[in-house]
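Which chain is which? They are A, B and C, in the order written, and residues in each are numbered from 1.
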Amino acid sequence: MITLSSDFGTPYPAAMKGVILRRSDARLVDVAHDFPRQDVRAAAFWLREVLPYFPPAVHLVVVDPGVGTDRAALAIRTGDHALVGPDNGVLLPVARELGDPEVFRIEYGDASSSTFHGRDVFAPTAARIHEEGVDSLETLSDITPTDDFEDLRFPEPAVGEREATGELLVVDDFGNAVTNVPGEFLDVGEIEANGARAPVTPSYAHVEPGQRLVTVGSHGNVELAVNRGRGDEAFGVAVGDEVRLEK
Amino acid sequence: MITLSSDFGTPYPAAMKGVILRRSDARLVDVAHDFPRQDVRAAAFWLREVLPYFPPAVHLVVVDPGVGTDRAALAIRTGDHALVGPDNGVLLPVARELGDPEVFRIEYGDASSSTFHGRDVFAPTAARIHEEGVDSLETLSDITPTDDFEDLRFPEPAVGEREATGELLVVDDFGNAVTNVPGEFLDVGEIEANGARAPVTPSYAHVEPGQRLVTVGSHGNVELAVNRGRGDEAFGVAVGDEVRLEK
Amino acid sequence: MITLSSDFGTPYPAAMKGVILRRSDARLVDVAHDFPRQDVRAAAFWLREVLPYFPPAVHLVVVDPGVGTDRAALAIRTGDHALVGPDNGVLLPVARELGDPEVFRIEYGDASSSTFHGRDVFAPTAARIHEEGVDSLETLSDITPTDDFEDLRFPEPAVGEREATGELLVVDDFGNAVTNVPGEFLDVGEIEANGARAPVTPSYAHVEPGQRLVTVGSHGNVELAVNRGRGDEAFGVAVGDEVRLEK
């Protein structure tokens, strides 16, 4: 199984699929191709949330604003999974979630384009790892272990007894605003988020449509939301903003 | 075969796919993940139009504004198909179209989230029904027959000899405005729709680009359209509006 | 393998998939279902860029503004591939790229709808060709060779030593503006595109974010771009515009 993730929209992902299917009969599963454009951190967050639900697979990830520069290309073995993508940190959070990452550098020489390594470097490598097996990584001549790579870690929140200060990590397609504060902080019936009071509820429909709420999202973090509306707008927060919660 | 339908956008559907693929080798087919957000009626309409073209399958449907409340979770056996989703009516119109529905309630106890039952309740259940077979529904201990469930029926139009009064059910991605009036009403060359006269044509390109027309859509209903344009805007109608047709 | 391409958005492509899966176990691969609406030329461009990366397959293509008129339905055999779609030119550029096209006309009699031939004519035909094999085209009774069909050719640029005049063919989802001028023209360090000077770079991230650049895109043509921004807006060009490049 090979999963595909990118910020490409269409139809570029189809070119990657064609390249893979010339080399492999692998089942292909799209994770998303509309990750926020060239937003390495958002993609890293969502991959960490979603890929652990998959059985062992090769995960092809192309959110790659540095394509065609001297940024390296990586393959990572972790748990029973492999990850393939650019050396910009996007693979690391999910790699740590899936197991104990071993990082390899892919020597790709002259790719046939310098603007579409998803098609010309990463897709063929993903197909090859799928066909040879995750354990073949050491034996592939153009793939060498490295400990020199870009890392990416999400900021840690400051969580006290009565207050927590965190950051808005991403906003999902519904408008739910996902913070980095662990859901366990929400042991009360009501909370103030950046000055706006809202009830703490088990899910969205526990308040009237259009009303604000604070809940524990499916990722386990505190989420600012509106029933049938957009939490980011109602709480006035955007990705990267500080979020201050007070009981 | 398991089909997947939701209003999730991305990447949440991928989490459901991962959950299924850990439990089943089923072929997965996406129906749509961009149904109008939390619009149970629109999803019910499209599912009724699209799923009957499929061979026997398990259909996973998650348009679920009431997630995490006490709304039940349903599995329905109908024809050779099974449907799995929330108890809000979304499954019923297509269930009746596919056969003679038998409705079951899924007892799911404590799901691991209260905001993402698609991943934590419906996807595992769909995988299980796929693996055990549609006929196993009675024998699964946490699935029990019920006749207490939310139904959903589309409004009936009033169709006379010279006039019909119906409702605008949905607008498709092209802007074609789909009514509930049966196509057979269009036995004339021209018609008035909410006061605007337009030719009755077999398809869109029978009028000049930008011109209004009324036709029988692929679902068999009267559709208000514009060649290479948006019928909803040209006829000034929105979902839920009354549509009055006069010969 | 059957690939699917359309301008349908959702959920209409799922109806085509259901129709195919009732007739065939073929692997289905989506190329794109969000091609610019009813834009035959844009779809023809992208198909020519993407489909050649696939192994032999039947390619179902439905960008079909003339659906329901007397436009013909075509099947094309080329290389080891088959293409199925409307007779409006959309299939021809990729057909020539894949091999030496032999064009057939599909006699479809009364389709069950006149507004959705993707579901009622093209999908069943694609499934049939997949099951019977590409070489069966002559033997299918309702498919006959023809040399009367719509062609489509992209305009040729005028390329001199110091100047080239071409056309803007498409803009991709990133905002990269793709011309018909071959990449070989870019043998200098800087160029003027419609009066705006910009560096010629191997890829996007060789200039600062927000800065203009000119590069060779993954299709081999000259592309006007902005690092992490939209080239079409920065260079003030839209599809169909003349693009004049001066060294």
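Methods note: a residue touches a chain if its C-beta (ideal position, glycine included) is under 8 Å from a C-beta of that chain, and two chains touch if they have at least 3 such contacts.
This one's a predicted model, so the numbers in the text were calculated from it and none came from an experiment.
Novice: On Cα atoms, by how many degrees is subunit A rotated relative to subunit B, nearest 5?
Specialist: Result for this pair is 120 degrees.
Novice: Looking at where subunit B touches subunit C, is over half of the residue numbers used by both copies, so same, or under half, so different?
Specialist: Mostly different residues.
Novice: State, to the nearest whole Å, the distance from the C-alpha centre of subunit B to the C-alpha centre of subunit C.
Specialist: Centres of subunit B and subunit C (C-alpha means) sit 31 Å apart.
Novice: So which bits of subunit A are touching at least two other chains?
Specialist: Subunit A, residues with two or more chain partners: not present.
Novice: Please name which positions on subunit A make contact with subunit C in the complex.
Specialist: 8-12, 14-15, 17-19, 21-22, 28, 37-38, 65-69, 113-116, 119-120
Novice: Per the contact definition, I'd like the list of subunit C residues that touch subunit A in the complex.
Specialist: Residue positions touching the partner: 1, 3, 5, 27, 29-35, 46, 49-55, 172-174, 202-206, 215-218, 223, 227-228.
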